[in-house]
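In the two complexes below, chain A is the common chain; its partner is chain B in one and chain C in the other.
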Partner chain A sequence: MSSDALALKVEFTGGLELLFDNKKKYTVSLPRTTDDAPTNLTHLILWLKDNLLKERPELFVEERTVRPGILVLVNETDWELEGEGDYQLKDGDEIIFISTLHGG
Partner chain B sequence: MSCEKPEDVMPRKPRHDRGKTCHKCKTQPGQLIVRHFVYCKDCFFAHVHSKFRRQMPAREAYCQPEQEPSLSVAFSGGLGASVLLDLVARTYRREGARKPVWSPITAYYVETCAAYDGVPDAVEHVKEVVNGYRGIELVVLRLEDAFDTQTPLLALSLADERLPLSSSSSATPTDALRAHLAALPTPTARLQAISNLTYALVLRAAPSHAPILFGTHLTALAVSLISGVAHGAGYNLTPPARIVRPLCEISAKECAAYAHWRALRPLRSRGPPGMDSVLGITRDFIVRLDRDFPSTVSAVARTCAKVVPKRDSSSSAGAPLTCALCERPAQHGVLEWKTRTAIRSFSSDSEQDKTEGTAVAEELCYACHTMLTSRARVRGPSDVEQVLPVPSWTSSTIRARMRESVKDFILDDED
Partner chain C sequence: MPPKPCALCHTERAIIKRPKTGQQICKDCFFRVFETEVHNTIVDSKLFKPGDRVAIGASGGKDSTVLAYVMKTLNDRYDYGLELFLLSIDEGITGYRDDSLETVKRNQVQYGLPLKILSYDELYGWTMDAVVAQVGRKNNCTFCGVFRRQALDRGAAALGVDHIVTGHNADDIAETVLMNIMRGDIARLGRCTLICTQSEDTIKRSKPFKYAYEKEIVMYAYFKKLDYFSTECIYAPDAYRGHARAFLKSLEAARPSAIIDIIHSGEAFEVAEQVQQGMKAQQTCKRCGYISSNDLCKACTLLEGLERGLGSLAVKDSKKLESDSTTAPDASMRTIPFFQRTPGAAAAVEEPTPA
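The block that comes next holds the complex of A and B.
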């Protein structure tokens, strides 16, 4: 079954959920292509900033990527192993954003 | 082709050196990159446990054979502390273990919500977390416990850098805590004060012969060392022997991954992010450094570990001084030191006032004196009136040192 949209599970933890209406888990739907290219993690980050982020974008996004101190897991794997923002999203992917700036 | 933006034309260097397979087991697909090395989940847990155990002290180094081998854990509820408590429990309280290496194990939690507006009390959450581990006791302290108003608290006037004594009008410990924090001149000083009070409360509550574990991970340690030097606390870069930091080789990223995969529930940071403070700015700098140059942060910690302060060895230095406020080792003569290192001027009127009354500046370390007297802006009229209630232990120490300094002039009752 093919569809024009990708269904993705997105989770925020470590205090990041406070920026997203204090809600940890979202299911979002993105087009398979963005700007004539397969939709990737950078597109998702910018989409989250424009559509779900409620306050203080500087604590989440910086120069089209996440702010330093945020660990991103793609299907339980460090996004640095998957190409970071260039990772092409697949239907059913689970993306977790974890803030490491908890304090002590 | 322009060279103005080399990132546009140069392929980015990958963050890992060798493939996507775990570099330990060489069979499983990698799931986390730690300083250029790829780990699968199982090997990552083994790697963290190994680093933790390597930093744990030998029981014999702290306990005489007749003493019970107590272990204290300073538990803030944050990321590092949650990982630390989990590692302690899995290592020393696992099912089927033989005679425990450490017993009792006590977690000390200091509730700091009274220091902030609108921050909820987290004691119930902490109880739930700690009680989830078998055989770990919890002691709950409160930041306001530092101000026991049953005996009158002393206060310091911050208008004069010699810090003359004044009286405190705070009726309750919470009032005194809030007055203490409100009197501090900068956001940096307020964060520093909360940290100092928490540290002193834990050290006073824990048994003196027991090591106290702090969940300071590598990233937080680098932040603490750099910001500590900026505060003027370079004399205390080396912690006392009681303080052990078993996560000092484990980064914030590793802690976050560990907490996520172990389903731990760290407390969110208390209070504001503190970006208007030295601590906040340093944290921002170190976290960026950690992302772009992952090995540099450990180099910061390793370099600072080699720094040993020159302790006062001359006979003129007198007995070793402990700061009356933070209770860390201090150098004598903070005012004289500052006279040599800073450009200052006094008006002639105020100079005369400074020769009268009892001043406390010489009982403090450089960092605490700077914390109380630094100014983020030009002093206004309201600052001149600031009176800072001091913790109970500071009041006791000042009274004892005042008695000591006049003991030769006190007449016995029989005379």
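The block that comes next holds the complex of A and C.
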């Protein structure tokens, strides 16, 4: 991995994997800066929508964030404690998206 | 951002922001407060008494999987003295329920709880696959919902249990309040926020997760690494509920207390006496003995429609079908076995096999 890229582990679970080719775990590489700013979680969400998402984007993204009802963990911590979309990604970060909208 | 310390123990790093309180707490404190709040709900509402036989309605999904785990944990920790069972309904949906039942079977072993599975096929003679083949995808949720409710009661009667607990959480209840308001369903609006429902002829049912947020249930399952199944039903989901859910989730994103606030609103509604007088009294179904507000219960009406090949009519115009049918069915028609409760009599269950 070159020094100008971030290697991230991304996981989809709780049924979200169905939108991502039925595959749960991905390793993705993003530039350290996006639109002249340090790459953050919002950039990752939009990148995932444009690059990995296979179907029904409205079930993953709403405006520039995840659809309400999708939980996000940054390195095993609720993203609400990490600044949500503004969280600046670091090399090696693990981001997990969990749908709460499936089944009971 | 620097790591934040837990608002409760002040030592460990916070990992979750609680939607109910906004508190930022660590993993161990989260497990403790989540479990303690469910315990407090159970105690405050006096849901159980020692020696009760309690069936956990288990679908293999997140809510019922967490419920089974927490019920077992609390029963051991606080010595409730309950005999717990897992009760699953097999709707007969290939590629969905068959997979989720595998999860329940693993839970049976993981939690050491006896399991009873009752299928629509054995009870009604129809799987949901067969129902959908006749009525299509539009109205099949009506069949499934009516059939499941009665199947749970009948499974519970077969187990000889006193009580069924289900995994309905605060989000589910708030969603139901909204739906009942939008449909003008006054009778259900009054009932849907009750933590425990019981009428003379049905088995007591309760919702220990009434005040538990879905976010916390999912986080609990995640951090405890619980084994649950999370695929959408392959038949069209209930579109009306879907809209209510999306609306509720948007409200929650703007203000997390919205969920509990809506439940409180639902609880605070009082149905005026003149409205109550207009509601139908409960009786028992003349055909199958199950509780009903008409001569024929909803399940018998729907089943008769299916048997006559008029399944869709049963949903759209059940009154017409009812007035056409006598309470005695044709001999050739499949009917539901008569409903009888035999308290204490246990049916054969699959004992958990050692892991």
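Rule of thumb we're sticking to: the second predicted complex is superposed on the first by the 102 of 104 C-alpha atoms of A that agree within 3 Å, B and C clash if a C-alpha of one lies under 4 Å from a C-alpha of the other, contacts with A are read in each partner's own complex, and residues count from 1 in each chain.
Operating definition for what follows: a residue touches a chain if its C-beta (ideal position, glycine included) is under 8 Å from a C-beta of that chain, and two chains touch if they have at least 3 such contacts.
Small disclaimer: the values here were computed from a predicted structure and weren't measured.
Once both complexes are superposed on chain A, the partners chain B and chain C clash. By the touch criterion stated above, A:T100 is placed in contact with chain B and with chain C alike.
Of the two partner chains placed by superposition, chain B and chain C are both touched by A:E76.
Contacts of A:L18 after superposition: both chain B and chain C are touched. Residues 13-15, 18, 68-69, 71, 73, 76-78, 80-81, 96, 98-104 of chain A lie in contact with chain B in one complex and with chain C in the other. Remark: chain C residues 1, 4, 13-17, 24, 59-64, 100, 167-168, 171-172, 214-215, 217-219, 222, 229-233, 245-246, 249-250, 252-253 touch chain A in the complex. Against chain A, the residues of chain B that register as touching in their complex are 15-16, 20, 29-33, 38, 41, 76, 78-81, 214-216, 219-220, 252-253, 255-257, 259-261, 266-270, 273, 283-284, 287-288, 290-292.
Those residues of chain A whose C-beta lies close enough to touch chain C in the complex are 13-15, 18, 67-69, 71, 73, 76-78, 80-83, 87, 96, 98-104.
Chain A makes touch with chain B in their complex at residues 13-15, 18, 59, 68-69, 71, 73, 76-78, 80-81, 96, 98-104.
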